[in-house]
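Both complexes shown next keep subunit A, but they swap its partner, so subunit B is in the first and subunit C is in the second.
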Partner chain A sequence: MSTTSIADRMGRAKRGVGVSGTGRQGGRRRNKSLRAKTWTYIIFTAPALILLLLINLYPVIYAAFQSLRNGTLIDGGDFVGFTNYVNTLVAGNMTPAFWQAALFTLIFTLVGVFGSWAVGLVLALLLRTRIPARGLFKVLLLLPWIVPVVVSAFSWNWLVATPQSPFPMLAQALGLGNVLFLADPTLAKVTVCVFKVWISFPFMMMMMSSALAAVDNNVYEAAKVDGAGSWQVFREITLPLISRSTYISWILMTIFCVNDFPTIFLLTGGGPVGSTTSLVVLAYRTVFQDFQVGPGVAIAFMTTVVLIVVSVVLYRQIRKASIE
Partner chain B sequence: MQEAELRGRWWRFLLILIITAVVLVPIAAIFLLSLQPSLGSTTTSQYTFENFTNIFSQTGVLTWLNNSLLVTVVTVIVSVVVAAPAGYVLSRGRNKLVSGFSLVLFIVQSLPVVTAVIPLFILFAQLGLVDTLLGMMIIYVGATMSVAIWMMAAYYDSIPIALEEAAWIDGASVAGGFVRVVLRNSLPGILSTAVFAFLLSWNDYLVALVFLRSSENYVFPVGLETFFQQNATAWGPVAACAVIMMLPPIIMFAVLNKYFSVGGIGGSLAGR
Partner chain C sequence: MNGNSSINTKFSRRGFLGLAGAAASIPLLAACSGGSGGGGGNKPIKFWNMPWGNTAFNPLDQKITEAYKPANGLPSAAYQEIQWANFTQTFSSAVASNTGPAVSSGGGTQAFQFESQGAIAYADNLLNSWKNNGLYNDFLPGLLDAMKVPKGYAAVPYNLDMRVLWYSKPLLDQAGAKVPTDWQSYLDACAALKKIGVYGYGTAAGAGAFTGGHILVSWMINNGGGLFDEKQQPNCVTQENIDAMNFVLELVSKGYIDPASPTYTSANAQAQWKAKKYGMGFDTAGLAQNVGGDALNDLAVASPLTSPNGKKGALFFPNNIMMYKNTPSQEGSEAFLTYYYQNMTPLWTQATGIGLPPLKSITQTKEFQANANNVKVINEWQPIAKTWAAPGGTALFLGVTTVDGTPAMDTFTQSILGGKTDAKSALTTLQNSIKANLKS
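Moving on to the complex of A and B:
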């Protein structure tokens, strides 16, 4: 293998480009008539843009206005200024629930992102070595991500929810006493977070696998010849080479975690006593169970704004870093 | 030396075997549970297919399956048809507007579905689209759009532009070159996008929960969850439904997994 190929592959790994893509192609291209091109491009993007505007952007703008009113699901309501925001953020009946949910969202996201990344990376590293039945393991380990969350939540419920479930019985047999996985607020938090890691690690495994695949084996061989230990190789060669993919996967997973409704709602419904209620679950309950559209939309909208700001900042960071 | 390496390989094999076994416990549990005789059953054997025969007559599982398949198939087809040309522009276009388009996609991708669902519910109520499968399809197609466009663009990036240029020299239009040269070579990209759209619409719970009201319109997730809520102790029949629900995505993934890659998303994001 030639040296250009290694340099090229390292470059690809640094850009966070897996085996499946080559990223943006460089170089200038011959010009097709610019006008013909422009019109074709407009027609090509129009349907997608209309859908994006209608299904994704319109609701956010509407939500911004709705959060300033005291409407219901059928009636627009009256303009009430920032009352909904004051009620949730500063002093009102929603304030304690809001901050509790904000804190849980933070915990859930941190555990979800770094937990699934760590598990996914370890598995990607293991699956990269030569072991028997590697292909089969790769597919089997993706199952938690493929199986519908309604199904897996049902299964986890059966495994942990009642005192007669297998896991509480196991805990009893081990002498840990009566362990209530979903009835104790702290344990419920832990269980929901573990459930999230279980669902999400395959995504991370795929991201990390394709990042690792772009790293050339010769890099490792060279390091080995130089006498580097495996931990040293991992810390000083592998991690830096896959750092771009790692950042991208963290950003995507942060978005997935903050937005995740079904994982939490289906396992615990946000309980016990609101301990596993995240911001999106709180928004859903406020609107569709308590029928307070104004405050609910205000919570959803604030979550949205924070997420957009965070993602745009991170997105620019990635772009800047990948241009360098 | 060689022996040590061989031993290391078996240790890693053992490690991954244990991890896989632990990870698969919840999924295996559903299969075993679905084969358990339910209360009042007359069978004496330990395992039975009774639950499967019973749920078809006693629940709306066939309706859910029908609705879910219809919604999912339409979503997959429309998503690919709309995302394929848009992804082409993202891959080949190179100016401020296209960069802006890319940023819009990124923002859209980060919007919480909960935020979108509330205003859409109000809008769809006025349009008569609440509690219809058509309404669900529209939302799902919209929800797949940003990632679908990225995935298509990531695949086009791997197709050399020289191919289109050759077609242009032969007199093809931009659109003609796209359809005859690029699209024709993009089957893996199309399948990858289709898998993503399939999983999104088949597995979604929130949209279905909010928008569906009448049981004849239930898609699988809502049907299953409602059945579970009403029969919290009837684990066997619920598990049988759950098995049926997870088979389509598993089968599809078993067939198409070699085409599916999320790695491309990373490149698509970083490269623009």
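Moving on to the complex of A and C:
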């Protein structure tokens, strides 16, 4: 079909302008073909993109509008601007409950993240040593993470709720009197936080185990040769070398803790007297028990914003750790 | 050739986009075409019912529903069980999209919420028609009044959820106490039970357990008080309520209430009954069956207490069945409900675990009469029981959703049962919370 000779085409190939047709014409055709390909890609990916937008973005936008209205679950309500945010944050009936929940969320998250990380790291380090039945221990230690939280919450309720439960009986035997693990507001906070650490440490243990496995043993051997002690090795070598995984696990666990609804709701329902109500539980109760969709969604939105900020800060730490 | 090819490419691209747009528009157009509306035709009456009892309830209920043979021209009935999990969303989204039921049960205050949105078909015509077939006069006293809103009857009473005083016969005997009849004898019985290490006021107000709050309101109603006035506005800080809450705080301070009960689940409270740590307490009419074992013989329902004001009263929840405007045929909805109420007796006689019946005829069956506790509840508690609307009125209304299982009521209950407040402060906080929720 082509009118050009083989010699011409060879010459063109050497010059890098293609083997058929004119160079300029070929470039135009390539551009055209590229445009066609781009359109094809767009057309073929469009359904998936539209679906993703509908599933992910539409609910968020819809919820944002809901937070600016005073509707209920069965009525859209009227547009009220930022009243729900103002009433929640500074000058409304929700304000004390919101700040109480924010404080508990902060405590719950700090204990949840660093408590589970500390326990997980210690266990991950222990599992690196030569202990008998290490595989069995690993499986057993994973159980709190594997077991559905409904079952765990029921078990913990059985452990601590009534005076005939094992922990209160143990406290009684130790002469501590009738310890109200869930009915006393302070102890309820402690119990919920400990429960969170208990169900979360296996995740941290896995993260830290994989991070530790990636550390080159030669580094430890070199440190030993240099006369470094165990604490020095841990502080100067182990922690810096697993810092990237540590920050990632902190980000994930922060998200898990702030968004954790079942752990709290199943164990205490947010009580007593709101002492263990987190922001997520407060948002749920405001929407589904008080039927105030606007303020409830506003709480959820503000929680999300805080979560994004925290995640960005931690993510920057990851980049920093990677660069170092 | 090139030219043709170019045209073809453009055409096919546009064609493709056009086709894609058309394909995408089909579900959108379908979504915009509306729901069942009121067109009638051959669409069945959608009846959505909740799991009111044990596993035997819904299969039997479905059987009754599907046995419905409509008169000529009227639609048949289709049954759907709706789980309690997220039921508010299930109903609200279905009603909003016109894909909901024509007839349903649901939450006790659901009919009043939908009534305020104009989604409910009033039951006045239906109830008028029941005056001729005996059903109207078959309802237990006061039940129909609880369904009446200014524009008509929002729903029809279905099953009753009562809060009654239970006592353990062996534990009272062991303590040498008598079954209480008034507040003072209740205190005396509690004191006697405490001596044998048993609590006299068994209750639960923890995760998902709203009974604790219900009982506090019961004490208020028992003393002639309650939460709402005649204008359906919150009126919590009354002398009757303060006296009632002071009485409960006295029970707390004297150690007659389990200090862990503010965070007990229903299962925790039942475990305490089973462990014989609760000698008396307020709970649903099904407590003995729920606890099981020895409790079936040991536990008995006491008569309602008389308050220092000389009054009797308790809180109850008349669960109900409502009709929606979105129905293939309103006549069909009413015909189905007439059939259903005339044929629903087996739900109570075949031990399906549903709450107490709304019809006198069912309470007179030999199966119902065989349970002495249920008979006592119907004979002695139901006539004096009042709704959340007390003392201002009998009919439920939208505002009661601000107290039924809400955070405000939970906080109030846990603060009273925790004993770290005074009655007036707690009631004032509750009053303010209800007012704020009513405004928003």
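To be clear about the criterion, the second predicted complex is superposed on the first by the 259 of 324 C-alpha atoms of A that agree within 3 Å, B and C clash if a C-alpha of one lies under 4 Å from a C-alpha of the other, contacts with A are read in each partner's own complex, and residues count from 1 in each chain.
As a convention for this text, a residue touches a chain if its C-beta (ideal position, glycine included) is under 8 Å from a C-beta of that chain, and two chains touch if they have at least 3 such contacts.
Not measured: the values here are computed from a predicted model.
Peer 1: Going by the contact rule set out at the top, does A:Val194 touch subunit B (first), subunit C (second), both, or neither?
Peer 2: Neither subunit B nor subunit C is touched by A:Val194.
Peer 1: Which partner chains sit in contact with A:Leu73 here, subunit B, subunit C, both or neither? Use first/second/both/neither.
Peer 2: Both partners, subunit B and subunit C.
Peer 1: By the touch definition at the top of the document, which applies to A:Gly271: first (subunit B), second (subunit C), both, or neither?
Peer 2: second
Peer 1: Considering only the touch criterion stated at the top, classify A:Asn93 as touching first (subunit B), second (subunit C), both, or neither.
Peer 2: second
Peer 1: Of the two partner chains, subunit B (first) and subunit C (second), which one does A:Pro295 touch, if any: first, second, both, or neither?
Peer 2: Only subunit C; A:Pro295 stays clear of subunit B.
Peer 1: If we overlay the two complexes on their shared chain A, which of subunit B and subunit C does A:Ala36 touch? Say first, second, both or neither.
Peer 2: Both partners.
Peer 1: Quick check for you: in the superposed arrangement, does A:Val280 touch first (subunit B), second (subunit C), both or neither?
Peer 2: first
Peer 1: Which residues of subunit A are in contact with subunit B in one complex and with subunit C in the other?
Peer 2: Touching subunit B and subunit C on subunit A: residues 36, 43, 47, 73-74, 265-266, 288.
Peer 1: If you look only at subunit A, which of its residues touch subunit B in the complex?
Peer 2: Subunit A reaches subunit B through residues 12, 15-25, 29-30, 32, 36-37, 40-41, 43-45, 47-49, 51-52, 54-60, 62-63, 66, 73-74, 123, 126-127, 129-133, 137, 139-144, 146-152, 154-156, 158-159, 166, 198, 203, 206-207, 209-211, 213, 244-245, 248-249, 252, 255, 258-259, 261-262, 265-266, 280, 283-284, 287-288, 293, 296-297, 300-301, 303-304, 307-308, 311-312, 315, 318-319, 322.
Peer 1: Of all residues in subunit A, which touch subunit C in the complex?
Peer 2: Subunit A reaches subunit C through residues 36, 39, 43, 46-47, 50, 70, 72-75, 87, 92-93, 97, 157, 161-164, 178, 180, 182-183, 188, 265-274, 277, 282, 285-286, 288-292, 294-295.
Peer 1: If we count contacts the way the header does, which residues on subunit C are in touch with subunit A in the complex?
Peer 2: Residue list for subunit C touching subunit A: 9, 13, 16-17, 20, 24, 86, 88-89, 91-92, 95-96, 113-114, 117, 119, 205-209, 258-265, 267-268, 271-272, 275, 277, 401-402, 405-408, 410-411, 414-415, 418, 432-433, 436-437, 440.
Peer 1: Over in the complex, which subunit B residues touch subunit A? Could you list them?
Peer 2: 9, 12-13, 15-17, 19-20, 23-27, 29-30, 33, 82-83, 85-86, 88-89, 93, 98, 101, 103-123, 125, 138-139, 141-143, 145-146, 149, 154-155, 157-158, 160-161, 165, 168, 173-175, 178, 199, 202-206, 210, 220-221, 224-225, 228, 235, 238-239, 242, 245-246, 249-250, 253-254, 257, 261-272
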